[in-house]
Amino acid sequence: MNPSKTAFEHRLRVRYGETDQMGVAHHSAYILYMEEARTRLLAHLGSAYSDFERAGLGLPVRRVNVRYRAALRFEDELLVRPKVTRLGGASVTFTYEMVRASDGELVASGITELACVRLSPGGLVPVPLPGDLRALLERAAP
Amino acid sequence: MNPSKTAFEHRLRVRYGETDQMGVAHHSAYILYMEEARTRLLAHLGSAYSDFERAGLGLPVRRVNVRYRAALRFEDELLVRPKVTRLGGASVTFTYEMVRASDGELVASGITELACVRLSPGGLVPVPLPGDLRALLERAAP
Amino acid sequence: MNPSKTAFEHRLRVRYGETDQMGVAHHSAYILYMEEARTRLLAHLGSAYSDFERAGLGLPVRRVNVRYRAALRFEDELLVRPKVTRLGGASVTFTYEMVRASDGELVASGITELACVRLSPGGLVPVPLPGDLRALLERAAP
Amino acid sequence: MNPSKTAFEHRLRVRYGETDQMGVAHHSAYILYMEEARTRLLAHLGSAYSDFERAGLGLPVRRVNVRYRAALRFEDELLVRPKVTRLGGASVTFTYEMVRASDGELVASGITELACVRLSPGGLVPVPLPGDLRALLERAAP
């Protein structure tokens, strides 16, 4: 049991262009926040997602769920805490806590399920997760 | 029973800027597609969402789920079919079928749950759905 | 002299997610509006931009200028009128008028200069405009 | 003459969702990069843009020019260097150098001209730059 496994968090700040006329971060922005956090988690674990794609593989999102609990405003700092909560044969599921940095309030939580595919000219072909990626993702599981 | 109730669909086309380096429409774009479809549905039923906000009310998204089944490409035409599947006291749930126009393939399906709020300077305050909006939304329920 | 040359216009509607907390369409959205209009112009002239890329060529944007004159609001309809105003050996320049449909007000005008490149694994390599694309673009020049 | 005046730079990283199918950061993303950099510059100088808006004022963009010189890729780090190059009675012009962090290459340069307005229910009304904002912006001029 390694508590540092769950310690990763990505810090970002709400951009003006991400707000909408309700005066809050638009709900689609959180999709980008989760994506950025999981690519930073992979980089933190030692594997750039861009290298993964250069090897002809991809991790398209197959499912996304977000539960919005409180509003984020322009210039708010957000802490996104991704972790791997399921590792399938050809897929991986991340869950995320999104916490406002100023007061620690949980503003949203999310889940993304990603499929492992080969990027072929004809399209995206499902393939098993490569062993090294699987080993790396296991280190992000609590 | 009125079959025309479920007939509404919104047609759009994938923008170049919505693609990502995997060569497909980025998964966050579907959030905008669903939002556009439900605002067009409201307009179709006779109520501009912008009027609703001018009256000091809002419908922020509280929950979003999307299941991605097939890839959309640049310039693909998409048919988004929103309908109201749950009408709570102070919330409304829409579900969406997203179908590629060229071949009728279901590329994604989604759910959004929206809260009804008063837009006050201090924040977003939950309030019951106004009667006229409720009546209108009932017409979008199958 | 063919007056129909300048007749093309693309109609679109401001999305909620494109507004910002100032209550207007965010200035970055116009970049997508111009891009969508020029790809629709190419399609109108008989050449899908996606075919062009499938042939291994691309038209990355080398320069963009936008002058914002009035605000666009959520659900406003916009008419974007692109035309080719300069055709170089390996580049093409489009200019755009963006007019609010409801009252004909010019809300913005823009210029984009695109380079013609070969999409190679190592990067984007400048190449002359192919003859058929050049012929097609000439038909979009007033 | 204070050399620290020109020292501000904002560091960011290209998000996956900002790439397009050409495999590079989409040209509209740079608009957000410049905006983020100038709001961080204002914060660095001691004035949050959000406070400015809470006082009922806004700085909508009136003109934007970008010259793209080289491609940015997913996960590239970018340094954005904004400075004030013109301070009018009711407007301010920022110019930006955007440099790839890994090799110092100038990937883009840009200009944005912002108008000072009062945010009134009826629209955006031009007003002179308040004295304290003007004083602050002068410190960002080389």
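Labels A, B, C and D are assigned to the chains in the order they are written; within every chain, residues are numbered from 1.
The rule is simple: a contact is a pair of C-beta atoms (placed from the backbone, for glycine too) under 8 Å apart; a residue touches a chain by one contact, two chains touch by 3 or more.
This is a predicted model, so every value here is computed, not measured.
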Find the pair in A-C, B-C or A-D that has over half of its contact pairs, by residue number, in common with B-D. A-C
Of all the other chains, whose mean CA position lies farthest from subunit B? D
Taking each chain's mean CA coordinate, subunit A and subunit D are separated, in whole Å, by 27
Could you put a whole-Å number on the gap between the CA centroids of subunit A and subunit B? 24
Separation of mean Cα positions, subunit C and subunit A [Å, integer]: 33
Two or more other chains are touched by the subunit A residues 16-17, 21-24, 28, 31-32, 35, 74
Take each protein chain as a node, join two nodes whenever their chains touch, and name the resulting shape: line, ring, star, complete or other. complete
The subunit D residues in contact with subunit A across the complex are 13, 15-17, 31-32, 35-36, 39, 43, 48-50, 73-75
Note which residues of subunit B are touching subunit D in the complex, please. 16-17, 19-24, 26, 28, 74
Given the complex with subunit B, which residues does subunit A contribute to the contact? 21-24, 27-28, 31-32, 35, 53, 58, 60-68, 71, 119, 123-124
